[in-house]
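Order as written gives the chain letters A, B, C, D, E and F; numbering starts at 1 within each chain.
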Amino acid sequence: MFVHVRVITPITTRGFRKASDFAPLCSPDLTVSMTEIDTGPASIECDYDEMLAVPGTVAKMIEAEREGVDALIIDCMGDPGLRPGREVVSIPVIGPMQAGMHLAAMLGHSFSVVTVLKRLRPFIEDQASLYGLPGKLASVRAVDIPVLELEDDRDGVKRKLTEQALLAVEEDGADAIIFGCTGMLGCADAVREGLLARGYDAPVIDPVPTAVRLAHALVRSGLSHSKVAFPVPPAKPVVGYAMPARVVARRAAE
Amino acid sequence: MFVHVRVITPITTRGFRKASDFAPLCSPDLTVSMTEIDTGPASIECDYDEMLAVPGTVAKMIEAEREGVDALIIDCMGDPGLRPGREVVSIPVIGPMQAGMHLAAMLGHSFSVVTVLKRLRPFIEDQASLYGLPGKLASVRAVDIPVLELEDDRDGVKRKLTEQALLAVEEDGADAIIFGCTGMLGCADAVREGLLARGYDAPVIDPVPTAVRLAHALVRSGLSHSKVAFPVPPAKPVVGYAMPARVVARRAAE
Amino acid sequence: MFVHVRVITPITTRGFRKASDFAPLCSPDLTVSMTEIDTGPASIECDYDEMLAVPGTVAKMIEAEREGVDALIIDCMGDPGLRPGREVVSIPVIGPMQAGMHLAAMLGHSFSVVTVLKRLRPFIEDQASLYGLPGKLASVRAVDIPVLELEDDRDGVKRKLTEQALLAVEEDGADAIIFGCTGMLGCADAVREGLLARGYDAPVIDPVPTAVRLAHALVRSGLSHSKVAFPVPPAKPVVGYAMPARVVARRAAE
Amino acid sequence: MFVHVRVITPITTRGFRKASDFAPLCSPDLTVSMTEIDTGPASIECDYDEMLAVPGTVAKMIEAEREGVDALIIDCMGDPGLRPGREVVSIPVIGPMQAGMHLAAMLGHSFSVVTVLKRLRPFIEDQASLYGLPGKLASVRAVDIPVLELEDDRDGVKRKLTEQALLAVEEDGADAIIFGCTGMLGCADAVREGLLARGYDAPVIDPVPTAVRLAHALVRSGLSHSKVAFPVPPAKPVVGYAMPARVVARRAAE
Amino acid sequence: MFVHVRVITPITTRGFRKASDFAPLCSPDLTVSMTEIDTGPASIECDYDEMLAVPGTVAKMIEAEREGVDALIIDCMGDPGLRPGREVVSIPVIGPMQAGMHLAAMLGHSFSVVTVLKRLRPFIEDQASLYGLPGKLASVRAVDIPVLELEDDRDGVKRKLTEQALLAVEEDGADAIIFGCTGMLGCADAVREGLLARGYDAPVIDPVPTAVRLAHALVRSGLSHSKVAFPVPPAKPVVGYAMPARVVARRAAE
Amino acid sequence: MFVHVRVITPITTRGFRKASDFAPLCSPDLTVSMTEIDTGPASIECDYDEMLAVPGTVAKMIEAEREGVDALIIDCMGDPGLRPGREVVSIPVIGPMQAGMHLAAMLGHSFSVVTVLKRLRPFIEDQASLYGLPGKLASVRAVDIPVLELEDDRDGVKRKLTEQALLAVEEDGADAIIFGCTGMLGCADAVREGLLARGYDAPVIDPVPTAVRLAHALVRSGLSHSKVAFPVPPAKPVVGYAMPARVVARRAAE
């Protein structure tokens, strides 16, 4: 069963994410494509940025379903567009924070999220509540590097991530680590090695690759989000947005 | 101390809400003005609609602060724009569901929300969790009338609201009622009478008028949302939205 | 609509609270009166003190309703008499801790209470649970000054409150502050300035003034506590207390 | 080790409780004495009644400790005076609802409370939260008989208790039953038989006898409530109450 | 990357599970093998059965790791051996209930488990708590068929599963369904069709196939359970069990 | 009423526990006997050890009921065999951690567990959740001494327990202490004195003696665990275990 997963990078900065970033994930039965959004912010670091990213992100979801894509990954740990996107498409939409938190809760006893900026702590604590995991979040820690500067000094990013991951394990009681920004892609091995060097054999979740593999597993299992929880929106006039038309043939008709 | 509260109706349907709806709330020290949004959906009945309403709503918040308005009420029980709006303005932004839930929790032991459509139950349960009140929501009930049809048969709406409110009290253990759609404005007296007629002296919260008065109280008390929880967004390029510039003189400078 | 709010100071020390304390709250449509209790302790610093304060406090509630007062504020953060008082009167009874916690939860992500004595921590944690907000209390901190000494060195009190509020924000993750004793009345501006000086723009809730304004808002909205949650006590013989007769004309008859 | 347990019946009705009620609990190493309060209500059926019962109840606790009693049981499921009493005495003070709920949570998966009046549901739900057991209370059910009428038709009481206990097991998922009023003393065998007759082998907790035995176990184990959680009240003037002086030699000096 | 997943069926009944059951899951990069345990019960329907199944299950886990298997699936919804197994092996051990609950929580708002026997409700509720998802379990329902009779009337099983799934959605508010016994393997399509026929497009999780695919995804992602949460057992004498020696080369040495 | 309590020490090390350890608990109406298990590990320090201890422990439970013992105490804070044991016997089975946690929650506001090894923290946090007390556990602390070395330097153990108990009170907010290993038997007085010397009058629960007295109280009260929650296992073939036959005359027939 061949599966096509589309990663939607919900920012308008070009070149931050490259299609080649996902090449290592591909295999004979899995293709990963990517796209950025056409309208929205340069990066997402707060609720205001997210608000501006969501309509463009959902537009890309609808287009992807129309193209025959099998599953969608939102390339941001705020999971922007997760809920409205699930209302308008039938193929699985995966938020990497939601997926990362549930996988971390499966693999350990409690996890920490190491993110870019301290200001995101309340937001991430709310995500844990919303996703039904109020007692599993040990802490939120930050490397204090803005999203678009994550590329500037990759070694420095890895070193700071490792420092915060160690503190999460030693001081906060975490036994699994989730990256809190998808811009940290590719740093998991370094952080894991840093933890192992101190004797901590803990999973370090690099959210987007993990979400891609989870999407693959869901598609193969014939699973998608519940349309009882995320029913199709009622048709109505909209001013100021030219959203693509959603695919109307519903799963029920399959 | 004169207070100017602005109600922002986050839909593009004109005439659904009239400035005169809020005239009864005004007093020598309180003016209530209103505005609708310029871009967005005709009504809000799901996350997809809300996504389209938020940018326009937040734009109106920024404009209102610039005009010297003292406090803002979002005229929708999904509280669209509550978080991003609080990031970009310093004046209090009140979500009527958040305010209604906290007031109901203060006035009774547990409350029910009676809303328009059954599909909103998961969304409203998530709001209760997010607002920190996971154990206070007795139930979500619906009258099964779309938002824009609420005006068509006002007596029918009141009758159905009363029926569901009675069931909430008798079957679900609620002792306070919150309307789950701001389009139910003005129905509280009828529902309260219906409950009293059956012997239930329970508060029935008409969210927008209550939020206006709460806003008045907050402004007089010198209180607004925490900028530690909702810090100002970092400046960055945005494509496709012409958001008004936010007021930059911060509260700290007052 | 003219509103008369009565503040009941539930201690027998005279002069601790003065009617003039509330003069700044009054306006053409709001009068604030006050009274102390006739039987009870000199101050409230534990459950034993509170037990002795409650019957006298509830007696004053009944008298106030009889006089035509519109709403009642209990002038103690233990909210003594909140539940029995709500059983015997129909006008809104507001506990400033309950109101303060719900408002703080509305304005921020999580709050701390800064109170007089460390011994009150378990009590305040129980209040947060009881009021339905188990996850919103970041911490309880104390200035370690007994209630009746709060007046002795007002500047020292403000300095210590500011110190503890800063620690609450920096170490405990609070983004809103509630005073844990109504004897700290009038210190909010100083604490807020102290926080702003360190870059924290966080609400500081001075509970009694805030509760007075909230009472005003509730009365204007026609809201009071639920009599389904707090039904009228059955009549029965009582030995040793001469409680005033409660007003019998019920809200239902209005 | 000889143990003297005192049951304090916190009502002023004489004859409702007889010393002989506790005779079956006595053994060579256990004496159970009882007393009623001197000031307070005829029975306790709401928070207002409880407020009037507490000072008299705590006075009896202090007197009992002075007499050399080893442990105290409050003879009411509202646990009136539990917290202030623990502040002023060092010997164990047991609230039968608190003890009953914890024992029921130990013996089964979730329990129901079958009480006198429906109006007590919110109060009992709050007790479960306060005692740290928010998820263990399956339901609160009522026989709808006022406290002082429980003696009138003992067979009727047993039949109604059995009916409600069966509904608790079959409809609410309870697997243990706690009586919600100490006036139901002696009905446990009948209810347990009624459940067994339907195939349900579930514990039925008769709270006061169980609390007496638990008190015995605690005294023998050298355990009492934590004075860190319930520290001694600060000395201060009190108006209108002639509370007995508490025993000042503290446990620390033992 | 070739992945070998081993399913361990923790019962001693031969023929209940066949290797061919998992043939449809295999692909060029995924092999699924299976084994039953050598010591233990004929089926697992309670904690007593599970206790007898665990040592044999964990023995099979150690053997599988020694053989070079990449991941392990426990073929029982009680997840027997999940924790001790994770202590003694480094390859991922997946409990299908834990995995199923987290996936269901990702795909919907709340889920129900439809299992074999009613008696399992408390056990499954405890699993939801233990796995960190206390608020996501809508209900536990049962078809009332013992495990080893599930094969007797496959159509009857499917019909009863569909009935209970429909009730879960309509009465309990579930929007995702998890089978509560791995003996229901292969019934998901029928139940899903039954739900769709009534208009409910909800995911129906067939736990073992889903767990196999999830294991595949984890192995490809280089993820396993946290050894900080599940550290290696200290060596010590054991009487009465001949457990195989665990693989000692630790992940840290890779 | 004469009561015979059996303590089952679920390890195969002989001499670690002596019958004389429990002599001080005996009285004219209470006999305490003990036994070790025949198959299982030398000590219990992880889930793997526990798995190996459970079948032997449950075998001893069945034998004890057959002998006419009145109640059973599991002599390990992991409470191994609590659930399967309750399924196969009708006499009360007490897990000392479950009992200790509920008693600590009754006597204070929040408790800490001081155990042998740090690695047990996640396990003990899960016990608190499972027993329904998610908010009452202040912390888990460890003395870092393996179980079988607890006897080597008794004074050192007491000193380290006291150190950790003090930190639990001063840094974690605990006001009651539970020993996390039954091998700490007899150390409670020393720890309590150490706390008192620093001014903390907090209960220190020595779990097995306390559980014995609680068992005595339960038997006298006619209470045992709920067979609705822990129903009798269905009969079925078992391979590899020679479990004794359980007593079949059920309580219902008494």
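Throughout what follows, a residue touches a chain if its C-beta (ideal position, glycine included) is under 8 Å from a C-beta of that chain, and two chains touch if they have at least 3 such contacts.
Keep in mind it's a predicted model, so treat the numbers as computed, not measured.
The chains touching chain A as well as chain C are B, F. Among the remaining chains, F is positioned farthest from chain B, on the basis of C-alpha centroids. A rotation of 120 degrees, rounded to the nearest 5, superposes the Cα atoms of chain D on chain E. Between chain A and chain F, the centres computed from C-alpha atoms are 44 Å apart. Centroid to centroid, with C-alpha atoms defining each point, chain A and chain E lie 26 Å apart. Those residues of chain C in touch with two or more other chains are numbered 109, 122, 126, 129, 134-135, 175, 229. Chain pairs that touch one another are A-B, A-C, A-E, A-F, B-C, B-D, B-E, C-D, C-F, D-E, D-F, E-F.
Taken together, the chain B residues at the contact with chain D in this complex read 109-110, 135, 173, 175. Put simply, chain E touches chain A in their complex at residues 1, 27-29, 90, 92, 94, 98-99, 102-103, 105-109, 131-136, 169, 175-176, 188-189, 196, 199-203, 205-206, 209-210, 213-214, 216-218, 220-229, 250-252. Only residues 12-13, 38-43, 45-52, 54-56, 58, 81, 83-84, 87-88, 119, 122, 126, 129-130, 134, 146, 148, 229-231, 233-234, 236-241, 243 of chain F touch chain E when the two sit together in their complex. If you check the complex, the residues on chain A that touch chain C are 121-122, 125-126, 129, 134.
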